[in-house]
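Listed after this line are the structures, all set down as structure tokens.
Shared between the two complexes below is chain A, which has chain B as its partner in the first and chain C in the second.
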Partner chain A sequence: MKNVMSNKFVITLYVLPALILILLLIYIPIVLTGYYGLMDWNGIGKMKFIGLDNYIELVKDKLFWQSTWHSLLLGLFSTVSLVGYLILSLILASKIKGANFLRKIYLIPMLLSSVAIGQLWAKIFDPTNGMINRLLIIFGVDNPPVWLADSKIALYALFFPIVWQYAGFYIIIFYAALKNVPEELIEAAKIDGATSIQIAYKIKLPLIAGVIKVMVILAIVGSLKYFDLIFVLTGGGPNHASEVMASYMYSEAFSKYNFGYGSAIGFGLLIICLVMTWLIQKLLSSKEVEF
Partner chain B sequence: MFKKKTVAMIISVIMLVSLALAGCSSSSSTEEKSADGKKVIKFMHLWPEGSSNAQFSIVKDIIGEYEKEHKDIKIETEILNPDQYREKLKVLASSNELPDIGMTWSDGFIKPYVDGGMLAPLDDVVNKNPDLKDAFIPGVKESYAVDGKTYGLPLELNISYVFYNKEIFKKYNLEVPKTFEEYKKVVKTLADNGVVPATVGAKDGWPASFWFMYLADRIGGPTILTDVIHGKAKMDDPAIVKAAQEVQNLVDMGGFVKGASALSNDDAKGYFMNEKAAMFLTATWELPNYTTSPDVKQEFKDKIGYFKFPTYEGGKGTDINSYVGGPGVGLFVAKDSKVQKEAKDFVGYLVKRWGEKSVTDAGVIPATKVDTSKLKLAPMYIDILKDLSEASNVTTYFDTQSSPAVSELHHDLVTALFGKQITPKDFVKQQADALAKEQK
Partner chain C sequence: MSKAAMETKINTTLSVPYKTSKSFGNRIGYGVLYVILGIIAIIQIYPLIWLLLFSLKTNQEVFGMSPFSLPQNPQWGNYAKAWSAGHIDVYFFNSVLYTVIAVVLTVILASFVTFAITRMHWKLSGLVLGLFMAGYMIPLHSTLIPLFNIFKSTHLIDNPVSVILSYVAFNLPITIMILAGFYKTLPREIEEAAVMDGCSIHRIFFQITLPMTIPVLSTTVIINMIYNWNEFVFVNTFLSSDKWKTITVGVNNFVGQYLTDWGAIGATLMISIIPVLIAYFILSDRIVEGIAAGSVKG
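After this line comes the complex of A and B, so read on.
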């Protein structure tokens, strides 16, 4: 076995299938996307090379920056919601009754498909017959908001189902990380007279800092390329009020038949994601704690 | 030593990848004959058994008949629902692998495919076949023509009406409005009594555009929107601004369901089907729900009537028999098809048989003329087929006529118009700019 693993040729052979798949499915399409971005192409006929025109238009495109801003807002909102998940996980991990049951409840939204969730929330947000507005009317609100139809609140209303959808995912990972904190440390702290808040803040959190960092990156990058529920619930509307980068790319490429420009947006999205990931890693780079 | 190996590895990867890619491109279009020596025609359509059962069965029966008559032909179908179909067709087109026969929409949709040299002209199919030559309702086939050649044969024709709930109208002593002033009065009475006057799925854009298109037709005359597309009139014509203004006046009166700009057409339809809205401006593809569909209660069907969109006092479009409508899907034959001759023959056959079967079996109004005297039809069909023969004009939907980019912009802006996020002036100006850019 040792012999086999030291043979570079064999190693190459073992790595090759995965490498080819990744190249074919991820890296080559990325390069192609950048290349299509240089074309004037409707997706059907012949391509025409137009140099950097698409990218120049992209930089000047107000709608693109507006959708980028919306994506960043979603990223911010998702990051803030991580605090909530963390607190929930801390409570769940502190051996309260029914923690197992609650964990399963939080996980359920993750098991539903995005389209099903979209249909569900479309009914909840319905201005006349929806759950929210029915409740508001019962409590005496005369003119409840029309939610997804109001360009001022549509985007923020959308944040809630999106955050709700992924709650289970974050909670389960935080929970697992917290369960990995050695019991001895906590017991020692208890003997020293630390309160449970102190234990959480001074011992548990520093120990799972690495996980938190990864989750922040996942939340922000996931938000930047988010598409599903926005497409199902508002399609980016009304009047681009809830447009994010991915939905804007979709509408340019697939609805307007503007494949070249759509590809340029896709490439811009990639670059923004890379920059953001790099920035977050810079901001969060601190030494990991070990006791 | 190690470096050499890395280089070798990279080269081998590149070779493998190019092999794999080469494999992709050559494997797809080689099979012409099936195992038993029959010629295979690939046919892609958008009526799945689940959601469009009636249409699915008709097509299946026609294929069965055709295969019986032509022993050497085998027709393979691939069926997708309409949205997936649109996407897949695009992807297939970009890799030049269209099916031998497929479905297409008219005007703006078909043009890029024709410009890309993907479709075969079908004029010979029509001209050679005496059954088809005069079979189409005038003007419909032309919607699939680019530069004088027809690239698609239409199967459906839809025109739009205001469908209304007779019971609700009776409850508030309302008459069917003939003019827009009367219509506004109807709206006011309904709104004052807390009834949703009309439901509209403005999120999707196109259902909301029906209102705009009809008002433009009634105020600016029946040809105005078509003229705009062809550069003979301007989008910022005062008549069109007025039409957009009237849409917003209706919104201000509470003329539409609340939060319409977040409702899809299906959501909006729900209000009408559940009798929570009095009126629904939609096209004749909804007719089965009001007549023959076994899924809808007879009680509801009995309550539904229809009226033509009212005329506008002082408007140029004085003829109430001018409709907004358009062809639905049609059939195309791929230019690169290896069985083009056989495919064309089948397309002709399918269009003819479809015209004979679709009204009775699926409740679809075909693009070919129908002899109602021989058929047993629900009264609403007979009335509408009669209307169709008396129609003075059918304006094809603005979003169907325009290019995909303008069409998409139009949908966005109509949604915004209904949500009052833009003024009528802005609404026309943005479209005028986009059109001017294209017509240059």
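After this line comes the complex of A and C, so read on.
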């Protein structure tokens, strides 16, 4: 028994192809991005070693910190909106008729590509013919905002399509977690005279704290990685008003051909993502409750 | 209450319906709740209906008439125009091709790995599983410049192989995560009996274990299909010839070129999202289940 199931040759044969792929395409590149960050390089010519110059520039680069701040802001918004998704999931999971149908409707935008969502919302936000401003005009707003073209509100406007896209995803997950809360606990609390709000707050939420924690990480770290939607909708503009880390990296590397500096930004993005993951885990670790 | 029982499909603890006498105030409360839930449903779905409407309109209608009006004379020509003028047919075919190849490779490789890790005995299995799982946390954009350089030096830039390999590598972590959750719940007795009977390890994997995992395999296939179909940045970065691009990138370029032709843009967007919507219409239970499984267990 042991012999067959611990055949070294078979294990190697089964694991190696996938392992080589992730080492070659995920792990080696993240090391390389740190290394390329030490270079002056336009992506085509020879690399020139310049030590820590790119990283020093990065730390002093206002635009980098501005885009980091934008990414963190989006993460903060996403985290706050988790509260709304949680409330909705609590409602849906409390044996409401049609809950299954509703959560399936809510999920639809999540299945579309960020590019399609971006192009659709570019039309929705269109200052003269878009859905939103047409509605606002009908309701008597004289000078509706120009949304994505206004550097003061572009970043905040982006949050509408983001919520639209991801709401269903979080609701599906919270709903599944809530459905796993043992029914006997809730029944017992009801018999003891607990109100639905007490049951939600004292029983359901503590029991799904683990899932909530994972979703907070996903919301924040996911926000740090936003790219497609922003690339399509604003390209980081106007005048960097909606620039995020990934879009800044992309335009430095693939538009301006600063591959060395772009790599340094990519490495910064990686470090910030890892630090944030670690930080949130640390902050939320005390709140774990076992089933 | 039968509806409610259906809703708890994922859940194993079905409860006895709890009867409460609903007062008048309670019913109003429920009414308000349904209105809120309904409004959210409309918000989620109306932009797509609006898209469908303007994909069938002329520019005069889009600009001149109410955004909520139905198209007076549905312009199906917008779809014909989008399909032929924008290379959408080529992009569509490419999307199908890359998606299918990448999904097959991902699911097979992930099954091999999950089987070796959860069923076979070796020292480094925990470490290797950790490596695959941690891949999920790595931001894709941090790997983009090195990947570009690696593919360039192996002459895989503007070659779909680069995109397909990237899809496989970046989808392996989530796929293995979902598979491993399922493998842990599978009984080992059948496999153990097969070992006793002198069955070879490959036969055990292909003829016993793999068929048992078909339900979860279909879940991972769907999740992978949606990810690959919608993927943007790899194609946009690694492929430059029109003949290789996928529909996601193609749509973006097309819309960029035809800034003012709303009908054609709408039709292009509709063509790109219809396959996903059809898949969802048929397989919504599996998709919902897959999304829940992939994240809760992770």
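Basically, the second predicted complex is superposed on the first by the 270 of 291 C-alpha atoms of A that agree within 3 Å, B and C clash if a C-alpha of one lies under 4 Å from a C-alpha of the other, contacts with A are read in each partner's own complex, and residues count from 1 in each chain.
Simple rule for what comes next: a contact is a pair of C-beta atoms (placed from the backbone, for glycine too) under 8 Å apart; a residue touches a chain by one contact, two chains touch by 3 or more.
Computed from a predicted structure; not experimentally measured.
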Checklist entry - Overlaying on chain A: chain B and chain C, fit or clash? => result clash
Next on the checklist: Looking at A:Lys282 after the superposition, I want to know if it touches chain B, chain C, both of them or none. Which is it: first, second, both, neither?
Outcome noted: neither
Checklist entry - Which of the two partners, first being chain B and second being chain C, lies in contact with A:Pro238: first, second, both, or neither? => result first
Checklist entry - Just chain B (first), just chain C (second), both, or neither: which does A:Cys273 touch? => result second
Next on the checklist: Tell me the contact category for A:Lys62 with respect to chain B and chain C: first, second, both or neither.
Outcome noted: neither
Checklist entry - In the superposed arrangement, does A:Ile30 touch chain B (first), chain C (second), both or neither? => result second
Checklist entry - Which partner does A:Val146 reach: the first (chain B), the second (chain C), both, or neither? => result first
Checklist entry - For A:Ala154, is the partner it touches chain B (first), chain C (second), both, or none of the two (neither)? => result first
Next on the checklist: Tell me which touches more residues of chain A here: chain C or chain B.
Outcome noted: C
Next on the checklist: One more residue to check, A:Pro127. First (chain B), second (chain C), both or neither?
Outcome noted: first
Checklist entry - Do any residues of chain A touch both chain B and chain C, and if so, which are they? => result 8, 19, 24, 28, 43, 122, 128-129, 254, 259
Checklist entry - Which residues of chain A touch chain C in their complex? => result 1-2, 4-8, 10-11, 13-15, 17-19, 21-22, 24-30, 32-33, 36, 43, 88, 91-92, 95-100, 102-116, 118-124, 128-129, 131, 134-135, 164, 167-169, 172-173, 175-177, 179-180, 182-183, 187, 190, 211, 214-215, 218, 221, 224-225, 227-228, 231-232, 245-246, 249-250, 253-254, 259, 262-263, 266-267, 269-270, 273-274, 277
Checklist entry - Taking the complex as given, what residues does chain A use to touch chain B? => result 8-9, 12, 16, 19-20, 23-24, 28, 42-46, 122, 125-129, 146-151, 154, 233-235, 237-241, 251, 254-259
Item to check | Residue ranges of chain B in contact with chain A within the complex | outcome: 2, 5, 9, 12-13, 16-17, 20, 87, 90, 93-94, 112-113, 115-118, 196, 202-203, 257-263, 267, 276, 404-405, 408-409, 412-413, 415-416, 419, 421-422
Checklist outcome for this item: As the complex stands, chain C meets chain A at residues 3-4, 6-8, 10-11, 13-15, 18, 33, 37, 40-41, 43-45, 47-48, 50-51, 54, 62-63, 66-67, 109-110, 112-113, 115-117, 119-122, 128, 131-132, 135, 137-150, 165-166, 168-170, 172-173, 176, 192, 195-196, 200-202, 205, 226, 229-233, 237, 248-249, 251-252, 255, 262, 265-266, 269, 272-273, 276-277, 280, 284, 287-288, 291-292, 295-296, 298
